[in-house]
Structures are given as C-alpha cells and as structure tokens.
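One structure, pasted below without further comment.
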Amino acid sequence: MSILVWVLRRDMMLAMRRKSDVLTTLFFFVIMVSLFPLGVGPERELLKAIGPGVVWVAALLASMLSLGRLFSADYSDGTLEQMLLCPESLSLIVLGKTFVHWMTSGLPLVLMAPLLGLQFGLSGQALWVLLASLLLGTPVLSLVGAIGASLTLGLRGGGVLVSLLVLPLYIPVLIFGAGAVDASTSGLGAEGHLSVLGALLVLALLATPKASAAALRISLE
Amino acid sequence: MGKINWYKYASPASFYGLAGKMIPGFAALSIVFFVVGLYIGFFVAPTDAQQGEAYRIIFIHVPAAWMSMFIYIVMAVYSGIGLAFNTRLSAMMAQALAPTGALFAFIALFTGSFWGKPMWGTWWVWDARLTSQLILFFLYVGYISLQAAIDDPRRSDRASALIALVGVINVPIIYFSVKWWNTLHQGASISFTKAPTMAYTMLAGMLFMAIACWMYTIAVALYRVRLIILERERHSIWVSELLTEGLR
Amino acid sequence: MLEATRLECMRGDRLLFSGVDLRIEPGGLLHVRGPNGSGKSSLLRMLCGLVLPEAGEILWNGKPTRNSEDYHRSLTYMGHSNGIKEELSGLENLRINCGLAGFEVGEEEALSAFERMGLEGREHLPAKVLSQGQRRRVMLARLLVAETPLWILDEPLVALDTDAIGLMRSLFELHLEKGGMMILTTHQELEIAARNAQEIRFST
C-alpha cells in the first residue's frame, strides 16, 4: 500500500510544478463548449436542449487530449521502466497515477462545468445533476483512457491513434452522463442514470488498472 | 486412422501447408451456400405484403450483422489464447479475421441504410441496432489501426490482442447503453426487431446466407493468415525453400 | 543465485541471440561485452523481466523470476535513461525512486549518499539545471543506499568523469566483496576486482 502513497505524492508534486498543463486542458474545454452557440445560433430553447450533450462531448475530448500526459513523460525519462520493476503491484501504481491525472485534468472540468451550463440556460437542478454526472463519469474516462494511453506509448501518431481506441469505449459514459441531465430536465429523475454511472465507475476501478498494467508491460518490452 | 498431432499445426510453418489445403474446400462450400441462399432470397421467398421487394436486402444485411458480431468474439478468443499461452499463430489468426469483420460491419451499415430509405424515407436512423453496429465498426477500425501502427510484430500482436479483449468486454455495455439511450429518446417506434413475422423460407434463406458468409470468412482468413505467416517468417529456411520450389 | 538457461531473444523478426546460458553466484561479476546492437541491453532487460524471452528460463534462487516479488526486491536495474524527473530536486528524485523500489530512505542517509557522490550543495536544485554527468550521479546514488544483492547496470559510467568512475569502481568492488552480484555492460575498460569474474561476448 505504501507504494500508492509514494506514487500519489510524486505525481502530485510533479503536477504542482507544471501547473500550466492543468490550465491548458481546462481552457480547451471552455473554448470547445463556447464554440457551439456560435455554430448553431443563440436560440435559447435549442441551446438548452443540446447543452448537456455539448458539455459532455467537450469533457470527453478534453479528457482524451490530456491522456498523452499520463505516461509519456515517465516513459521518455525512464522512470516508467523503474516502476515496472517495482516489487509491488503495477496496477496500484497505475491506479495512483490515474487518480492524480484525474485530479489535474478531470476535476477542474467538473468544477467549471456548471458555469458553462449557465451559458446554455440550464436550470439550477440540471446544473447539479450535470455536476454529479461529471463527477462520477470523468474518473471512468481517465481509467479507460489509461489503457489506450499505455498501448500507444512511443508510437508515431499516438495522439490520434489513442482517440480511435478510446472514444468508442467512452460512449456508454457519454450516454448516461448526458442522459442524466436530460432525464432530470424532462422530469424523469436522474437517479437511474447516475446509478449506472456509479456502477460503471466501480467496474472501471476494478478492471482497468490491471489492463493498463498489462498494456504497459507490452509497450515497454 | 492415425492420431492427429494438433501441436504440430500450432507452428506457423506446418499450419501454412494445412491452411493451403483447407482453403479450396471452404471457398467451394461458400459459393454453393451463396448460390442457394441467394436463390431462396430472390426467387423462393414471397414478396412482403408491407415492404414489397425492398425487404430482400435483409438476406445480406442480417447475416452481415451477425457475422460482424461473431467475428469480433472469435477474434477476442484468439487474442485471449495468444496472450495466455504466447502462441504466435492465434495472434495471426485474430489479425487475419479483423479486416473481414470490419467489412461485414460496413456491409451491415451500408445495407441497413439502403433498407431504411424505402422503409422510412431516410438514409439513416439512429436506431439502436444501427448505432451499435456503427460503434462495432469503430472498434474494428481502432483494432486495425493499432495493429498497423506498431512495427514490432510481437508488441503489435500483444497490444492488439489486449485491445480486442477490452473491446469485447465493452461490447455488451455499449449495446446496453445504446438501447437505453434509444428507448429514452425515440420511444422505439421503428426497429429492426419489429420486422413482420418472418416466413419460414425467409429464415431458411438467411441461414443459408449466414453459413455462406461463415465459409467465406474462414477461406479468406486462412488465405490472409498464410500471407501473414510468409511475411513474418520470410527470413526462415522453410520459406526460402518454399520460394525456390515455387520458382522451379 | 541467478541462473539462466538457453535464452533466446528476437527483435522484430531478427534473432538477436540464442542459447545463452549464465550463472552468477554471490560475489560474482558478469561483464557483458559486444558492439552496439549486438543484444547486450536486451539481455540485461530480459534478465530484469522487462523483455520476455522467446525461449529459455531465468531462475532466482531456483525459482522462476517472472512475477516474483522476492526477485524484484533483490534487484536494482539501471538502464540507459537516468530515470530522473527534471522538475524534482536531486534529493527528491533519490528518495522517490527508492520509495518506488520498495524501501524508504531517510533525509540524513540520502544527504550523505549525495556527499559521497560529490553532489553536495546541489541536493535541492531541480534536476533540469544539473549537467548530464551530475544527473547520472543522482541516479547512481541509489546504489549507495540500496541494499539489494543483485545489480544489473547497463552502461552505468556514461557521462561520468574519471573521479566518478574511480568512485564507482570502488563501490562495485565493495558490493562484490560483501557477497553482492553484478551484471554490467561498459564500453570503458574497467578493471574490477572480483572473486569470480565472467564475461559474455556478443558479436553481430
């Protein structure tokens, strides 16, 4: 277990010293969402209808773009190799790294999302549901994305490739995330969607670190 | 009858020969079943009361959709075997199947939209099945591009095997979520499942077509795996012997 | 004791080496020599478990090394890359790398290791302002505090000056004297006194 503490400490320290990375992802998210009203027109009802979906799709893309940071620096300076030789479980290391990655790329989006929701005229309750759905959903994106990031380590065109691998796997999260907000605005209640998102999170927590660890071993051979 | 030594055929060199012997058989079977299936589909099966002649496209559409699903599962099984036992041949089989799977997924999408036009007056509906089919096609594309992006054959085998396994675990989750999404947004007024009760001859035609597709898949996959084996083993002695024999 | 039998390694579709046998007992030194690209690094990475052998097996005290926690606790591997984070200070790098390798190093112990490596006064500088040789020293400082019996070192002396090379030599000799084991590649001529020194020579 102490290995998890070491990884968390290390990656938090590194993230604190590279604060600009956090801001880049966040601003990508903000700009991306703000483009939609310019593209479809400022009609209030339309924006209200597409708002949750737009915020969610932008979160998906932002989280995917930040995946490159997850392992590539450690890969190129050789620290990832040392982690593979660690006597304790590699899955635990992956879990720790993914958690910090989510803290620095997912969590800022979650906190920013209600503000963007306001631009789309979402009601107070819808904003809360949006926040909750992103809070449950974005960790799943980081966890699943970690598999893609580790498989594409060091490949040419890795960034585009990772999107081909990972985006189809993100679809369930997108459906239930955006669906939760829709369900709550149409009066159906978001509990069903949110509990599915919770289940997906548990499943991802259990299964993906092992898969990412296996992928890292394959990629570093 | 002598006992067959299965381990012998797990080595690419001997499988190369075996595959070569099997291809003509499967190819012939596939042609026979295609002819029978198409004959039933076009001449025996009655014209549908509601949909007229246009419905006949399901004789291609449905088997293609089945196959795209089956092939992904078979690929995942081969990938799992390859990862667990470090057998090169199973990884090659998985890779040989992928393009055919993608082709069937594409055919299913294409014919689905052709069926949609006369039925619903639009080329594309976000129906649960078509949408899942589209995502399955994306999964194939991801698998193929990952495998193509890695030059080292061993890493490529193992990495693409892993993504196939991750994909196959996700397929039911994706299918379930797309269905949920569909019922929520459309009330499922139109769906492929609600096709009129199928006549016995229609079912028979589809079954024949499905078997034909199976045979075609096996023949093509074996052909492709032979090419992969040759490419991978091009430095080995048996391949150079084979090539000089071929020239003679 | 580390033992390997009939190791075979493929890179792409090229056979790098096959039929490599080796056996190292406490106090033993194995020097792997050969030109660039002959498979030295691959052999070392294979012995660590980073590369799966195409054929053959590797045993640590009679048991397979694959997924063996005991083996990984006994092993220190250093490869071509320094494994140093540029944003962290030398001291942080050392303590974190040790933590990830499964043992804790106190501040005092780490500082004295830095002093012996000739890095005093630079402990708290971020690694990005250190020179290549100094970064190498930060990495090698781990050998001073690690108590692992088996060292696998791939070109450890690259970028080091003569003083540092002399220091490393005495460190290697001390390790072997205490019953440690070492597998090494270098391009420098380095005489290391050892009770039991062997050599593997690769050719292309």
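Brief remarks follow.
A, B and C label the chains in the order they appear, each numbered from 1.
Convention: a contact is a pair of C-beta atoms (placed from the backbone, for glycine too) under 8 Å apart; a residue touches a chain by one contact, two chains touch by 3 or more.
Values in this document were obtained by computation on a predicted structure and should not be read as measured data.
Looking at chain B and chain C, the chains in contact with each of them are A. Averaging the CA coordinates per chain and comparing them to the mean over all protein CA atoms picks out A as nearest.
With centres set at the average Cα position, the gap from chain B to chain C is 48 Å. Centroid to centroid, with C-alpha atoms defining each point, chain A and chain B lie 32 Å apart. Centre-to-centre separation of chain A and chain C, using mean CA positions: 37 Å.
Of all residues in chain C, those that touch two or more other chains are 52. Shared interface positions of chain A, defined as residues touching 2 or more other chains, are 221.
Looking at chain B, one finds that residues 154 touch two or more other chains. Considering their complex, residues 135, 138-139, 141-142, 145-146, 149-150, 154-155, 158-159, 162-163, 165-167, 169-170, 173-174, 176-178, 180-181, 184 of chain B touch chain A. Of all residues in chain B, only 86, 151-154, 232-235 touch chain C in the complex they form. Residues of chain A that touch chain B in their complex: 147, 151-152, 155-158, 161, 164-165, 167-169, 171-172, 175-176, 179, 182-183, 196, 200, 207, 211, 214-215, 218-219, 221. Residues of chain C touching chain B in their complex: 10-14, 52. Those residues of chain C that touch chain A in the complex are listed here as 48-52, 69, 72-73, 75, 77, 79-88, 92, 96-97, 99-102, 104.
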